[in-house]
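Below are structures written as structure tokens.
Look for chain A in each of the two complexes below; its partner is chain B in the first and chain C in the second.
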Partner chain A sequence: MRKLVLKPKGFSKIPIEAEVISPDIIGGKTLPEVKALSVQYGNKVHSLSEFFDVGGRIAKTPDEQDIVVDGDASHVKYIGKGMTTGRIVVQGDAGMHTGSQMKGGSITVTGNIADWTGAEMKGGLLRVLGDAGNLLGAAYRGSSDGMTGGCIVVNGSVGSEVASFMRRGMIVVLGDTGPFTGVHMNGGEIFVFGKVGRRAGAQAKGNGGFIACFGGIDELLPTYRYDTTFTPTFMRLYLRQLAGNLGIDVATSYIDKPMRRYRGDLAVGGNAEILVAEKA
Partner chain B sequence: MEHVDVVCPFCGCLCDDLEITVEEGHITGIKNACAVSRSKFLNHGSHRITSAAVDGKKASMKKAVKEAVEILSNARRPLIYGLSSTECGAISKAVEIGEVTGGIVDNTASVCHGPTILALQQVGESKATLGEARNRADMVVFWGSNPTAAHLRHIVRYSVMPKGMYSTEGRKGRKVIVVDVRQTGTTRLADKFVKIKPNSDFELLQALRATVRGDELPVDEVSGVPMKEIKELAEEMKNCKFGIVFFGLGLTQSEGRHMNIDAAVGLVSELNRHTKFVLTPMRGHYNVAGANTVATWQTGYPYAIDFSKGYPRYNPGEFTAVDLLASGEVDAAMIIASDPAATFPADAARHLAKIPTITLEQKTTPTTMLSKVVLPVATAGVEAEGTAYRMDGVPLRLSKLVEPPKGIHSDEKVLDMILEGLKEVAQ
Partner chain C sequence: MKDIVIKGGYVYDPLNGIDGEKVDIHLSDGKVVEKTKKNAKVIDASGKTVMPGGVDLHSHIAGSKINIGRLMRPEDHRKDEVPKGKYTRGGVGYSCPSTFVTGYRYAQMGYTSVMEAAMPPLGARHVHEELIDTPIIDKAAFPLFGNNYFTLKYVRDGDQEKLNAFVAWMLRATRGYAVKIVNPGGVENWKWGRNVYGLDGKVEDYDITPRQIVTSLAKANEALGLPHTIHLHCNNLGMPGNYKTTIETMEVAKAIKPKKGRKTTIHVVHCQFNALAGDNWMNVKSGAPHIAKYVNGNDHVTLDMGQLIFTDTTTMTGDGPWQFALWNMTGNKWVNSDVEMEAGAGVVPYTFKKNNPANTVQWGIGLELALLIDDPWKVYMTTDHPNGGPFTYYPKVMAWLMSRQARTDTMRELNKAVLKRTSLANIYREYTFNELAISTRAGTAQALGLKDKGHLGAGADADVAIYDLDPTGWRPSQYKMLEKAFASAAYTIKGGEVVVKDGEVVSTPLGATHWVDVKIPSEVEEDLMKDLAEDFKKYYTVSLRNYPVEDEYLPIQKVHKTRGAWK
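This part shows the complex of A and B:
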């Protein structure tokens, strides 16, 4: 991997839209070409180098490209949008729409992340070491296709409407989630190790989708019905994978723990599952 | 001179049966209007801003427009906001200014029925005009809305009292249900008042929908309402001939916001398996529906529209005025027919005072007081013609009854002057 370092030249209240910060776009270019890439700043177009010190090395192909955003990028939107390969690490916070519609490769944000992170994600791995905003992995307004693949892991807590209209893919939250987790969910898997917020699984049709709650749940909707307490075999496999492949050690402590299963959302005739781990 | 069938431009009902007498250029008599409308018509001329101003000092219209053009053409992230209390011609010009400046155009829907729009885009809607409600409805549900305070003639003209083509018995033939967190004027008129716990509309809507589907829910009560009552309500709703839900800010601005409307639409669509049921938002400002409609014609989107890339993009929460002001993102603002300084959260209002703000207004307001440029304008529907959209989406023509004060133009004219100025600068 070749590492390109982008050092933000300070915070700006007007956000910068920089979907060019992507291995797909940077890989194979020359340094002057990268410096001259366009970013949107308010109603004007600027070059990348006006907002970032650009240094390091550029790979011949995107899959060999490693990009480090070294510093606070909370004012930078669309980092890694639609990327298919390579790696991005943001050493600090990142702005809205980071990794939106990404198809492959990986993004790691060491700080916090704003709304719409990983929106309509299709593949790849997105990790956030801090907290995430609202609409993590959600469908954009008016769309009924949310996340269709890939994996998002957030070490901290997340806001409301996580994974709205989720179809496939996986979201793991080690902290708490806000209201309407998995709203309109129609497939996919959500694992929450903190507390799950109010109205989880609202309007969820199911389609094999589930929300696994290991740290309890605020309040279940009246349109979810309890049906059994069991120890799902598939959960053991998932938890092992979470611990082994993603380094989520806490997962191991829930292996073979009984879970209460609720089905809904009955308001839409749904068959989604909310699985709540019994307190030890 | 007598004017008949005048449309009232003071709330989303747009009552179109007013009779107004004008003598020597003044409105002297009004018939059929509600108290709010009467007072607004009679007082529209008092406490008017009579001259344009720049930095708090009187200025000629020409100078103030020039200043506005300069502010907008130098801005990197200008916001154009308001638009719900003016007519469609002005709204159209404002959208064009948004495009020319690469700014953001938002209207007051973002702080009232924005969630309604979000939900309707997500799950669709089943709607009817107020005329249909009047002529056909035998069940009227007011959910989180109180027309006795906000839409005074709604009950008499459209929803509860009137006799219509098929609703020949008037009030007697209609079942009126109010769902709210507290007693209101409307609950006193109702056949049934369903009192719910605050911020629990979503649960009740979902429970009702599941019950209408025929599911037995494994709970004794939902949102403070016993399951028995929910079952009764579901039966009543299924058995009416034509039901309508009028919902208000009690639903759009309580916890759940657009998801509450999503659930309400879901309930209504479920009921349509059994009978005819529709829903209509109780829009407050008289032309907020027009602001959404005109913006949609022109850009494809109803509010929260960003033109920074030269083409329209839409994202409530990202391109909505309150969010943009609170984060300090916008560096100039133009406010048309709205008073955000009085109604927005403190941090958003504070930012408005920090940046150069241009305001088009008839009377002194908190927003004009913090504005760098104030442009006085005529009152649409009283001193200027135009079109407005009623809460149910029906367009109606506003009339010009009297002349505006000397030297004062309509919103549309003033916006056009600014637009021409901007185009000149661009060349």
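This part shows the complex of A and C:
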């Protein structure tokens, strides 16, 4: 991997739209070319080097490209939008739409992240070590296809409408989630180790999708019906993988924990599951 | 404005019998002329195809319906953002493009005239407001008559005289161009949650049938001498087995005496949706051969394809009950709209899929209609934008018409139903450039009665499209080249001004809005107004005085005057 370092030249009140910060675009270019890449600043187009100190090495192909954003990038939007390969590490906070519609590769953000992170994600891995904003992995307004693949892991807590219109893929939240987790969910998996917010799974159609709540749930919608309490075999498999492949150690403590199964959302004839781990 | 001479191009001008000959075209003062002055600007079109500017006779580009589509589909805009250019404004595209982008994109394909095919009379102001913001192209709008309270009332009373007067008055009041009928009677019944299902269904409360509505309006249309025939969206749209209804409807119009100088009495719109055989959507098959056979044997019908494109689009029509049925099938978003006293509408997003057997059959039907009807003057190319697909896919449809290989290559990707349930695979016909010109400009202009459009004879409007394609060397196997050339015209000239060069918009003048002014004798009009005033007072939320569209809404207008039905 070749490492390109982008050091933000300070915070700006007007956000910068920098979908060019992506291995797909940077890989194979020369350093001057990268510096000249255009970013949107308000309604003006500027070059990347006006907002970042650009240094380091550039790989011949995108899959060899490692991009490090070294510093607070909370004013930078669309980092890694639509990327298909390579790696991005943000050493600090990142702005809205980070990793939206990404198809592959990986993004790691060591700080907090704003709204619409990983929106309509199709593949790849997105890790946030801090907290995430609202609409994590959600569908953009109007669309009925949210996340269709890939994996998002958030170590902290997240806001509302996590994974709206989720179709496939996986979201793991170690902290709490806000209201409307998995709203309109139509497949996919959500694991929450903290507390799940109100109205989880509203209007969820199911299609094999579930929300696993290991830290309890605030309030369950009346349109979810209790089925049974059991110890799902598949959950054991998932939790081992979470611990083994993604380094989520807390997962191991829930293996063999019985779970209460709720089915819904009956308001739309859905067949999604909310699985709530029994208290020890 | 400087005169222009287009030199050395292969010209296709079917209305003047020019079929690919090298002719110089002279443009002066917004018109085609015999000869220009010496200092005219010369456009070198050698090795290129020259045609009159395209004329689209059925598209939904302005008004409440498309605006509902725009509102309910942010996801559609997001995938096609159009940034501001040097001469152009920013906007969005795809299935519900913004008004400005609509104008630009039509011009980029060499189209210079586009008809908005369904205008609810009460929404006429809205339509014209949006047409003001649709640059470059000439346009016109067709008000909806088929379920209008007054139409139904006069048909019930058998008062043809009053109906004639009402149609004439309404065209003037809404600044409309032609009589549009959508599912006659069906949308009225939809107000009670029902439909009419065929020509002899009963229209609630009026005790009349769609057959009577079509007959009366066609009679009025021909008596008034309107430039276009009735523009009819048949009953039973989208219901398998409906080709019979369609042929029956055409048969109804056969009995009508056309106006002087014209043979046709009916234009059936987006016929693909009305040419379905079979009993239900599981076993739907093509009814196109039946319709083609009928149209080949009769001279009073024209139709357009309503070709389906495999993409995500937004269906919108005045046919409220059909949109409800479609919503039931898809479970997608749905907006139902009612226009008091006059019409209704529905909007449902829909994705036509290559692996959906019914969709592939529909795709085949559109092309079958165009290819099985021998006379290209009878069948025109449309996608019923955006119902079959966005108009930006026209070049693709042209490629399918002109190249069997293009069709075969597409069919390879499709569900096999298209091979079994349509006859498309057995059709070897390929359109010539001349036939293409008929299907996309000459024929449509003739059907619309736009005498100055669709040809390049002296006196015609100086609307010209030049495509970077050498028609002498072109082979159907090179269909991708054709698609590319027709998607971005080398030059589009509108009213004698170069508006597109090398596929880029370079100038954005405002086009004219065409409408028909029928002469109504004052005593007939007074009589009608008394009638209207009473019902307006009772039922309308708008007063009669505020109802007609003022001239401020049409900054550039082209009035087509007709003599009317009264001596």
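As a convention for this text, the second predicted complex is superposed on the first by the 280 of 280 C-alpha atoms of A that agree within 3 Å, B and C clash if a C-alpha of one lies under 4 Å from a C-alpha of the other, contacts with A are read in each partner's own complex, and residues count from 1 in each chain.
Going forward, a contact is a pair of C-beta atoms (placed from the backbone, for glycine too) under 8 Å apart; a residue touches a chain by one contact, two chains touch by 3 or more.
What you see is a predicted model; the values in this text were computed from it and never measured.
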Practice task
Classify the contacts of A:202 with the two partner chains as first (chain B alone), second (chain C alone), both, or neither.
Solution key: first
Problem - Partner chain(s) touched by A:141 [first = chain B, second = chain C, both, neither] - result: both
Exercise for the section: Give the label of whichever partner, chain B or chain C, reaches more residues of chain A. Expected result: B
Practice task
Give one of first, second, both or neither to describe whether A:250 is in contact with chain B, with chain C, with both, or with none.
Solution key: neither
Practice task
Classify the contacts of A:36 with the two partner chains as first (chain B alone), second (chain C alone), both, or neither.
Solution key: neither
Practice task
Return first, second, both or neither, reflecting whether A:237 touches chain B, chain C, both chains, or no partner chain.
Solution key: neither
Fill in the blank from the handout: After superposition on chain A, the chain A residues reached by both chain B and chain C are 140-142, 144
Completion exercise
Per the touch rule, the chain A residues reaching chain B in their complex are 13-15, 40-44, 96, 115-116, 134-135, 140-142, 144, 179-180, 183-184, 198-199, 202-203, 221-223, 225-226, 265-269
Practice task
Note which residues of chain A are touching chain C in the complex, please.
Solution key: 140-144
Problem - Interfacial residue positions of chain B with respect to chain A in the complex - result: 75-78, 101-103, 118, 121-122, 202-203, 205-207, 209-210, 213, 215, 217-219, 222, 255-256, 259, 262-263, 266, 307-309, 314-318, 327-329, 331
Problem - Contacting residues of chain C [partner chain A, same complex] - result: 72-76, 78, 332
